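Please find one structure pasted underneath; my questions will follow.
When the chains are written out, they are named A, B, C, D, E and F in that same order, and each has its own residue count from 1.
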Amino acid sequence: MPFVTVELLAGRTVEQKRKAAEAITQAVAEHLKVQPASVYVIFHELSRENLASDGKLFADRQ
Amino acid sequence: MPFVTVELLAGRTVEQKRKAAEAITQAVAEHLKVQPASVYVIFHELSRENLASDGKLFADRQ
Amino acid sequence: MPFVTVELLAGRTVEQKRKAAEAITQAVAEHLKVQPASVYVIFHELSRENLASDGKLFADRQ
Amino acid sequence: MPFVTVELLAGRTVEQKRKAAEAITQAVAEHLKVQPASVYVIFHELSRENLASDGKLFADRQ
Amino acid sequence: MPFVTVELLAGRTVEQKRKAAEAITQAVAEHLKVQPASVYVIFHELSRENLASDGKLFADRQ
Amino acid sequence: MPFVTVELLAGRTVEQKRKAAEAITQAVAEHLKVQPASVYVIFHELSRENLASDGKLFADRQ
């Protein structure tokens, strides 16, 4: 606790997620005054046919 | 914003999700008074072994 | 099932949510081929100090 | 309703999820005073590169 | 980990949530083979104007 | 997009959330290669009777 969930399009590398998890954890621990060991980060990866904005799937954008 | 997340069993076609995303976006924009461009729709697809009702997995139903 | 969750800023009237729930349910039922009776809609209302974009809380925007 | 979502590392068997869904449903129905038929359980399975604690991906742990 | 989120209508007592949290944790620990100490349970309470089924708010039901 | 949701116990000041939103946005933008303007951060605040670990509500801990 806290639990941080990141909804994002699939396609990042493990290295990008590794760095992001580390930096998000630091940001949360420092500013919300919690121990880094208590912070969980979850990535929910979405395919381009499972995300839309403005009524249009990302799979249909160019 | 708003962000609309739809949890559903996997198995819909891209065309079904395309139409659903469009219609949900219209419904939200019209009734919640926001621009369609600010509406995001996310589909979370579930396999039948990852959803249960009445204590029973959908994978075990007929 | 399906379950539709709408994250939005607080401040809509009950009437707006009533209409939105009805229209979203219709959109989902028609395009994802489910019975309206099986569709659930949940509104998660956020205060302006609990939502940020571009690194800035909505409470701090004008 | 209620809807119970379980975020967990991937790797459980169908049998484990079957038993867990049944037991969670019983726990919810008994203590929150609802009919078992109204309880939904959803499993969100995470790969080890999509979960971190203490700033470190589970994929990088031993 | 695992994280269990329960979406439910507001109105349960603390005692009901206390018992539910305990029983859900036992169910998860036993069947998903994790330590009880690693299980988190979160209750998201919804008002009757923030939940709809069949296109109709619970606030409008009798 | 991406959308970052932070589940945490209630009780932080607006200033803490302001700083956290800014730092999380920077972390996400830098490491996941997105524009800061596309990053949304949502805080879900939980009361101590709505969060449990090890089967015990935080309201019951000392």
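By definition in this document, a contact is a pair of C-beta atoms (placed from the backbone, for glycine too) under 8 Å apart; a residue touches a chain by one contact, two chains touch by 3 or more.
On a predicted model such as this, the values are computed, not experimentally measured, just so you know.
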item: Each chain counted as touching chain C and chain D at once; value: B, E
item: Winner on C-beta contact pairs when A-E is weighed against A-D; value: A-D
item: Chain pair among C-D, C-F or D-E whose interface repeats that of A-F, sharing over half of the contact pairs by residue number; value: D-E
item: Whole-Å separation of chain centres (CA-atom averages), chain B against chain C; value: 12
item: Centre-of-Cα separation between chain F and chain D, whole angstrom; value: 21
item: Overlap residues in chain F, where contacts from two or more other chains coincide; value: 1, 3, 7, 17, 26, 40, 44, 51, 53
item: Chain-chain contacts as defined at top; value: A-B, A-D, A-E, A-F, B-C, B-D, B-F, C-D, C-E, C-F, D-E, E-F
item: Chain A residues within the chain B interface of the complex; value: 7, 44, 46, 49-57, 59-60
item: Complex interface listing, chain E residues touching chain F; value: 14, 17-18, 21-22, 25-26, 36-37, 39-45
item: Residues of chain C touching chain B in the complex; value: 1-9, 12, 16-17, 19-20, 23-24, 26-28, 30-34, 51, 53
item: Chain E partner contacts - residues on chain A that touch it in the complex; value: 1, 3, 40
